[in-house]
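Each of the next two complexes has chain A plus one more chain, namely chain B in the first and chain C in the second.
Moving on to the complex of A and B:
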């Protein structure tokens, strides 16, 4: 097996693709609008189950963007994002189940709850670098299902049984099925969250985040408050994942402790690596991958999806550490007739 | 009082398993500077191999030693095939690869042997060891096997040339290479030994937690807690840390209502976070210094 060059390996910790040189497909903007147009008509063309699956792809994509902000742009590592996803999902489900909150209003609440929790978890995590942070977040992810099953909280969380939510109808008498409406609702949230992430990364704050990732010492000497930015990034990352969790709960209509095991964290990590670390649109490739490939693997044999995930992660780390981002960039450059470095 | 003593003994018994896993983690950490998140799944996979051998009619101890040998070889192979090529890669790549290994081993075990819970034989029996029922034969057996293993490792690292070479390679790879030690092979050897230790831990704990693909996730977390508590740079610390974590788990489960019983994994999480924040080097480890 050829040893990947160090330069290639660097690419994963370093800007897989820094935001400025994001892969510019032929006419960047036109591609975005074309994709969006396709996304808008798609639910009218496909069956409702596929619409449901596409909605889940978007949900995963939001969560992966959250993880990407943390890992790809700030260089912190988390195996514990299943915990934030679970918190978001449970906040939404409990609000709808116990106090009859409208479903759309649960998203900000779930986001804020996760931001606070992520920020607080990020505070001690400041002292933990690299592998220690991975360890602490790993412990968080493994412990989460047990916390959700805790019997004193059973009135709110529904214990092992979880909570069942009813599916919202399309408002204003729009001629849409429930699945279609949820798809458009999720699409709207996704577009907003993606734009916000894009702007965040392109802002002064985003540059500070990346400076911390690339060289903490240099960043500090330039006057960047590392502690503040790292905890804030942790909070924002948790917020994204929490909103995704809340959306996921609404779309699936069900939350239960065993949906949020450590394997959910693995799923998000796979999505991140497949999409490309440090490239926001990669989240959509990652989301599609983690939704459709395991289904396909399970159809061959139960229990095979984990193996596909594992093989995929290892192969990508070995051969294409930049994920879909690197692939898209290579293709664009070839189309433009440039030499690939 | 009697209950306290009984729980401490039972805690020490499970603590020996955590100590073994912690030891395997520390050996890998010493050799390559990374935490092996797949250590638990490697142990689980080894245990399934042992189970398969006993199903095929092998006597327990034959299955035991064959499994240890196979696991050793497997550990060496994983190091050579998967980790050698990325040895200079950043932390993210390593963590991702370990998570990949974890996922592969977990679902491969489920694929080959299905996800149903299986009983695993114990060679020691389950009768109480003494009339007062303080500790049963299997728990005593776990402690005895671990003590034997520790004695073996101590003698190996302290009194053999290979052991010395492995310590040198872990301590200072460059100087070790200059005096003619094959550092790469020492790393592979360390992986093999870590896998073998994990296999023993898996076979010892399987009669208690029963055999299934997810059986080691919680055990691995406790192993991490033990390793962090004792100090990731200290094998002796890892063993002590593992034992302490086992005792804490049992005492909390008995004497703290609800939380102790239902939040066992959260206790491990709390231990990890508190130790990493308060005293990152652990009880016996040395602090890590960075040159800026």
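Moving on to the complex of A and C:
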């Protein structure tokens, strides 16, 4: 039986071939360019409300990437990311409202403020692990809306009323609507933030983060300064979420304490799990899920929208336990299998 | 490397143990369960701080250093029950082993500054050399968790070598290996010593392995050193025999 044995030899030899990553990379790159091309023409094809929603998908994606760096890559749980989102949003809103800051310049300020706050919060949190860290961050999430409502801060925060911001126009007389311009602005920020996160996780720093997640004892023996990486990752994660919050404030034109409740933290966590823990592009799947699926659930049943949403999440977890990441992996594997034949 | 003197006192696990390790030699650390071998290793890794005594490496105390700087000093180790980064590839595990021999920072890595590319390239090259040296090239990109136990043990060894240690601590390297794998292991341990000029301290229950590879053997029992010397000498030692076989045989 010469034919089958040859086939078998090929099958046995195949996993040892090291070049498997090369075609995947090419495929990867073309997928990225195709997605970007679609993202660039989309706002000219759809209605302005959908453009606005897509902008929010990107905003959520940035926040989810931040959460993924912390939870997915570094193994630290957080139920408090709504607080960082709120801080970013309020920093942006206050700067624009009180000192007439240009909207684009609020992003780095919001990011740095959140980095400092996240880093400082991460220091005591170093002593906490797993569910205990989740509880500590939960406390942060619960406290935030109330702190924003405090009367001594009302001059700055607007108290319960919040702050209303005006929507920016497209600069240089570009023939774009406000929604289209904000979409492109957000897209640019998203691309930069995604690229930086991608660089980070593929680097020596990223490996150290993952080593701490997988086995802290061994990581320390390899010379990794766990306290440093954990607190820096907390800061960077907060930075991402804060930039997302600032963008969200600009896009929605409004900040108010009750937009940033504990439920927002859970929304980000849902987006993280749906997209795939430890997979950066998953944030876009997750962002789209948490924005569109609750609306879809409401269109099925107004009274039971929460239940419908819940059932959808459970179904999704059963079908795709590793989120969109697992689905994409399975599809690429199948495609690659067909290419070989 | 100069002599390493280890002495502890006051704690039950180790009771005033002292010995020197000579550069370039393989030393075996033996003793029944609970003799304090792993405790001693964990002191050398700075997981535990001895209540008294001092550990000198290259003439200076390691007790002043935090645990994550032990690798920088040149002390590398493997673990009794594997402690690999299970979700990562073999190559990534070995690269993490080289963490203390490379430099980068959070910001430069995120911005992928040109110099981080050079760091990464040299780390990549070195890691691949070590992987090839230990015959792991075939599983370079495989996830560690998917590999058989014996292979995972080799990955741990490769990871420890990536930190360019001058003192290599092997905690029961033969544990869980089959007969052939033990044979291959003793060859590689000696070869590593010869090729890389590294001092090796092995904790091991597998007597044949310890006695065949060690230049010196140190025997512990109940936290005390009961014998030290060349393998043949320690094997004949009455206290060692009684510790292993029970007092009646002494």
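By definition in this document, the second predicted complex is superposed on the first by the 291 of 341 C-alpha atoms of A that agree within 3 Å, B and C clash if a C-alpha of one lies under 4 Å from a C-alpha of the other, contacts with A are read in each partner's own complex, and residues count from 1 in each chain.
To be clear about the criterion, a residue touches a chain if its C-beta (ideal position, glycine included) is under 8 Å from a C-beta of that chain, and two chains touch if they have at least 3 such contacts.
A quick note: this is a predicted structure, and the numbers were derived from the prediction, not measured.
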Query raised in the report: Between chain B (first) and chain C (second), which, if any, makes contact with A:173: first, second, both or neither?
Result: neither
Query raised in the report: Regarding the shared-chain residue A:135, is it in contact with chain B (first), chain C (second), both, or neither?
Result: first
Requested in this report: Classify the contacts of A:217 with the two partner chains as first (chain B alone), second (chain C alone), both, or neither.
Outcome: both
Report task. Report for A:77: first if it touches chain B alone, second if chain C alone, otherwise both or neither. Result -> first
Requested in this report: See if chain A has more residues touched by chain B or by chain C, and give me that chain.
Outcome: B
Query raised in the report: Which parts of chain A are in contact with chain B and also with chain C?
Result: 217
Report summary line: Contacts from chain A onto chain C in the complex sit at residues 16, 18, 20-21, 196-197, 199-200, 203-208, 210-211, 213-215, 217-226, 232, 236, 278
Query - Residues of chain B that touch chain A when the two form their complex - result: 34-35, 37, 81-82, 85-86, 88-97, 99-108, 110-111, 114-115, 213, 217-218, 221, 224-225, 228, 258, 262-266, 268-269, 272-273, 276-277, 280, 292
Query raised in the report: In the complex formed with chain B, which residues of chain A make contact?
Result: 1, 3-4, 6, 9-10, 12-13, 71, 77, 79, 124, 127-128, 130-132, 134-136, 138-140, 142-143, 146-147, 149-152, 217, 262-263, 266, 269, 273, 277, 301-307, 309-314, 317-318, 321
Query - Touch list for chain C against partner chain A, complex - result: 45, 47, 67-72, 76-77, 79, 83-88, 92, 95-97, 99-100, 102, 104-106, 109-112, 116, 119-120, 123, 138, 140-141, 159, 163
